[in-house]
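Same chain, two partners: chain A is paired with chain B first, then with chain C.
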Partner chain A sequence: MATQLPPGIQLEKVDDRIMTLNVGPQHPGSGHMRLIIKVDGDYIVSCDPDPGYVHRGEEKMAEYRNYIQNIPHLERPVIHDSCNILYPYCLAVEELLGIEVPERAKYIRVIASELNRCIYTLYWLAIYGIFLGHSTMFMWPAGDRELFIDLLEAMSGARVTHAYLVPGGVRNDLPANFEERCLRQVDYLEKRLKEYQSIFYKNPILISRTEGTGILSRTDAIRLGTTGSVLRASGVDYDIRKKEPYDVYENLDFETVVRKEGDSYARSYIPYLEMFESCRIIRDAIRKMPKSGSVRTKLKPNPKGGNDEVYKRVESGRGSLGYYIVSNNRPEPYRVKISVGSFRNLICMPYLLKGELLGNMPSVYWGLNYWPVEADR
Partner chain B sequence: MSTAGGIIRALNSGIKHLAIRRFTLRYPEQKLKFVGDGFQFNPETGVGIAGLRGRHILYHEHCTGCQLCSVACEGIAEAIGMVKIDETWKQNKKAIMPQIDYGKCVFCGLCVDACPFYALYMTNDYELSSFTKSALIYTPAQLAVKPKISQDVEIKIDDRGATHG
Partner chain C sequence: MSTIAPQFRLSRFIGSLFDIIFWVLLIFSLAGLPLVFIILFYIKLPVINGQLLTPYLALTWMADPSETIPIIKALIHTTFFHVVAFPGFGFAALIAAATIFVERKFLAKIQLRVGPLYCGKIEGILQLMGDGLKLISKEIIIPAKADKPIFWIGPLLFVGTAGALVSLIPVAPGGWVVANPNVGLLAVFATIGFFPIISVLTAWAANNKWTFIGGLRALHQMIAFEIPLILSLLSIVILTGTLNLSQIVESQQHYWWIVFAPISAIVFFICILAELERIPFDLPEAESEIVAGWLTEFSGMMYGLIQLGTYLKLYAFAGLFTVLFLGGWNGPMVWPPFPADIITHGITIGPITAQIAGLPLFDQNMLNGTLWFVIKTVGVILLILLPRGVFPRIRIDMLLHTGWYKLIGLAFINIFIALGLLYAGVLGPGGLIQ
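== the complex of A and B ==
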């Protein structure tokens, strides 16, 4: 007996050759998201990403809290990159409230956010390694990350959720002898990073699995609005730290890493090469930083933003990260919109996976430098 | 580069690690050393002093019961409640002091920023686990106790790699 379907609902017509796979939404292999993949044999016919499993309403929550109370919850979407996600928020609120930031604080913010970018990238690299079944590449970055976590812990007092950057500067000054300790650990990490080359990036097994898979052309990368390492892997020289320098990035010496191939190998190589640039920025910032001075401009209690709106963005570990804040003369923002790189890079997933082998799905997917929690906010 | 050569090189760089020191911290036996005595505030400059943001410490002789810490925490974790105390302090007419629920606290330290009388600081104590939920609620008397801690292991770096102590 045929079941009577409610009006307006149709059953999907299924081809016998096509099988639908649900990857996720439980953790292993996908993060907190689901990929609905249709396969014909071993080849992917279509891929439909289904994000939203970890939506927490950060934007709505921000409307009920004042500008300072917003700090701890706004860093929750990417706890591994918490300085970078707070950075545009601080820049935006500073413009809204008209606060000047002391020079030393600007340098400290740059150091903190570059350290945090490395911590994030190493974590991402660890997961990328284990996705491809390379368990050594999981353990090395996960251990070396500790060096920078230790530095940020000395700076901010917390290991992961730092709540260190605030509108007006940073919460506290650097501890004594920090510069020396920081340089020592940065040097050591750089030495360690070079060892990743032979075991991972120059490993023929990795190369054969990632080279030439999931190719995103330069025009497609621009047309789809991708950002961050995905955009730079397709040959577009675009880094917000260079193009729209914020705080003191224009004084610092570093280069944008660009590759032309646009395949999954290039996308995984760029964040790694950028860690060397981050180390360079940290060294340069320590050299150029004023040796003493104030680090925080005190705000009035419960500061009110005028009738105004601002948009500020920075380059985070996953690409452009922006905050659009509207205020209407109240201590709480009227509307906060967070524009995140992860969500913008998600759009190219169906294009990249079409026609790929199912076995290449993890490398293409995680090579997008995608962070589900950030995309869902 | 030939495939076999690449694989041998990759294996070789793994094998070299047999000579490198163990990096792992053996936690309950070894405890990591932190800078300073916890997150505090410098009354002169009004800027924080770097330190670990662990359990709070409340200086009863400074606290005036102004409730600003609990107001600050309201939008964050609602971990602070003001409770009556038995002691009498002349600066604290209402005889109320903060009580912190560590089941809720996220250790952001913004209550320390908010306290205008420098009565609330944070300490290096992070081992707060307990078997009951009610034991996570620290009364003003418990918060006044300075924690006893022995944390002495640091990251050491030499040519055989980085290690913990």
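== the complex of A and C ==
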């Protein structure tokens, strides 16, 4: 008889065939998280994602700063997509404080967030490439996103943490000659995206590696609560920019990209195709934007929200991104809750990895469009 | 004031250098020189031009070019020189080092980067030297639970085996090969068979899960691709009727075997990519899955040795491809002949006319053969490097499927083609094409 165990502790039955692998946090293919993977030979028996290594308490921090001071630190969870993570915050605060946004500012916000979505997706694509051992696909997007970063730098003054969207509009007006420059970069990106297709997405090895692996059916995708590209890759036509249009998205001409396969290849292909749609949106927004006018409604110093609560969400690079803000007549919010797409997509990882080969782990993992820092907040 | 080493004084540093030089000279003259003479006493001295080459005579001849050239010529035909310098390790290591540099620059050009740029001012040409110094000066960390003797010996075995493979490659006509056995191709197969054993041994010795998985992957991959590799070369053996690599090269004076065995060449090329663990077959080192595979626990110069062995192996396989399919050293004579009047009349410097025996040092055929061999081998090496820029990594099940099903079948097809050519009387003894 074994020694008596303390109450509450159970010994797990160990199978000799099963090997437990600790993928992360010090692993080239894990990001800021840990995956506890059990393998039988080369097949994954179970996968237990363990996020939380980069929890920074953004939500708690937001309770001690007023509505304007919250802007710079709330964009930290995804510095590559900073306009999109600030977008719902600005929308929510505007509704809370009853601020009207000028028409020109709405278009500039859309342009900035679409540029930022492209920057994020190119970064994501670069990591996807290196996860699959394709070093050229790592270097090309990482180089091409510099052009868009330069654009946003000209708009906001910072390369990655722009803090460009503020409640009431945008921080400052567009620089001179922005329209021509932006259209030129967008044309260049579209040309390069076609080259990506011929070197990466049409590559027979990539197709045979990712097609038919990690299949997430339509019902499972809805049942597990996935969002964004993962949901659209499983055949669900759901894009918040279409379904609940915010700012001027209803005036703009674009389509939702949907694929029915639900496998790793579709999940990797959707963000790529959405970059074309982003380019379309940017072109359309530049055409329809009022050429002059105010870009920011002045706020009162230290504005107070009423006794109210508000929930706003947008479509970010990783899916639905929402802010739930409760205020209680004070300059600081009473509670800020950020609902991120990354965390909701992480939930389906154990379902997808079960029964897959270990070699499919990087493509399934990164195909979920999961950003550990955002998920931990 | 330097913040890196605040106690640094240049005068003290130079003083310490003088100290070191003094002690080295003292120890060398008191202990080293006697030791050299003691050793020389036991060594059988070479006979050059009928004279016994004593150290005293060698020193005397150093001043006389008409005697120095024969000494050098005698030296370069010794087995020692073959092994250390020209067709052997030195030459291969030089090509391997050039390969690493070219790979980095070449890949950078594909990926719209500049590659190494700063080290050595001109296009980062000294980058490799810097990397080597870094690897040498790094700490070698051995895992506490590792099987230490095997872990230590693994990189050395790897370099040794790669060197053994290098020694079998004939570079130029006239015996410029370290080892020229009549069963050369069998020796190649036997040497290749050692690599999976070394991978598995070191992987197991490191006592780590990632190295374990990587080692098993290396084992599976190399065994799956060894059989099509051997089968693809059988057609060459059937066509030439010999296993001797030098004779295989000589048989390609008029046409290369890639003309009659193109499928074999393709199969062999894919197999060497897999044997070299290069992308798309770099599963044993797949970093996003298993950290660095069976190399995970190596650090410092142990890792450096593994890299050296890998690139020596790359050179050896590229050379093997050249020898077997691309005609080895055969090619039109482009090297200018040695000026004849220097041999017949000697060199006139002012009033003196020196008749120097033993010129030229290398004959024209050898230099021309080396040139063609190097050109072809570098071409093959570039082809081996190219997939790294355009392919992602393959998966283990696809890899094994490729090895065991597709490549073996393809290799058999070319064996039948070779047999058909032989029995139809096109090739072989008494055939239409000689």
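FYI, the second predicted complex is superposed on the first by the 369 of 377 C-alpha atoms of A that agree within 3 Å, B and C clash if a C-alpha of one lies under 4 Å from a C-alpha of the other, contacts with A are read in each partner's own complex, and residues count from 1 in each chain.
Heads up, the rule we're going with is that a residue touches a chain if its C-beta (ideal position, glycine included) is under 8 Å from a C-beta of that chain, and two chains touch if they have at least 3 such contacts.
This is a predicted model, so every value here is computed, not measured.
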**Message:** Based on the shared chain A superposition, would you classify chain B and chain C as clashing or fitting together?
**Reply:** fit
**Request:** Please work out whether A:205 is in contact with chain B alone, chain C alone, both, or neither, and reply first, second, both or neither.
**Result:** both
**Message:** Contacts for A:133 in the overlay, against chain B (first) and chain C (second): which applies, first, second, both or neither?
**Reply:** second
**Prompt:** After lining up the shared chain so the two structures overlap, which partner does A:72 touch, if you call chain B first and chain C second: first, second, both or neither?
**Reply:** first
**Request:** With both structures superposed, pick whichever of chain B and chain C touches the larger number of chain A residues.
**Result:** B
**Request:** Could you say whether A:223 touches chain B, chain C, both of them, or neither, answering first, second, both or neither?
**Result:** neither
**Message:** Contact-wise, after the overlay, does A:361 reach chain B, chain C, both or neither (first, second, both, neither)?
**Reply:** second
**Request:** Would you check which partner chain A:21 touches, where first means chain B only, second means chain C only, and both and neither mean what they say?
**Result:** second
**Asked** Which of the two partners, first being chain B and second being chain C, lies in contact with A:294: first, second, both, or neither?
**Response** first
**Request:** Identify the partner contact of A:64: answer first if only chain B is touched, second if only chain C is, both if each is, neither if none is.
**Result:** first
**Fill in**
Note, angle between chain B and chain C viewed from the Cα centre of chain A, nearest 10 degrees, works out at 80
**Request:** For A:157, decide between first (touching chain B), second (touching chain C), both and neither.
**Result:** first
**Complete:** For chain B against chain C after superposition, the smallest C-alpha distance in Å amounts to 5
**Message:** Based on the A-chain superposition described above, do chain B and chain C contact any of the same residues on chain A, and if so which?
**Reply:** 136, 143, 199-200, 203, 205
**Prompt:** For chain A, which residues count as touching chain C in their complex?
**Reply:** 19, 21, 27-29, 42, 129-140, 143, 199-200, 203, 205-206, 208-209, 357-362
**Touching residues on chain B, where the partner in the complex is chain A** = 1, 3, 6-7, 9-10, 12-14, 23-24, 32, 34-36, 38-39, 45-53, 72, 74-77, 106-110, 113, 122, 155, 157, 162
**Prompt:** In the complex of these two chains, what residues of chain A are touching chain B?
**Reply:** 64-66, 68-73, 136, 143, 146-147, 150, 153-158, 161, 163, 171-176, 178, 184-185, 188, 195, 198-200, 202-205, 207, 294-296, 298
**Request:** Can you check the complex and tell me which residues of chain C touch chain A?
**Result:** 107, 110-113, 209, 213, 279-280, 282-283, 286-291, 388-398
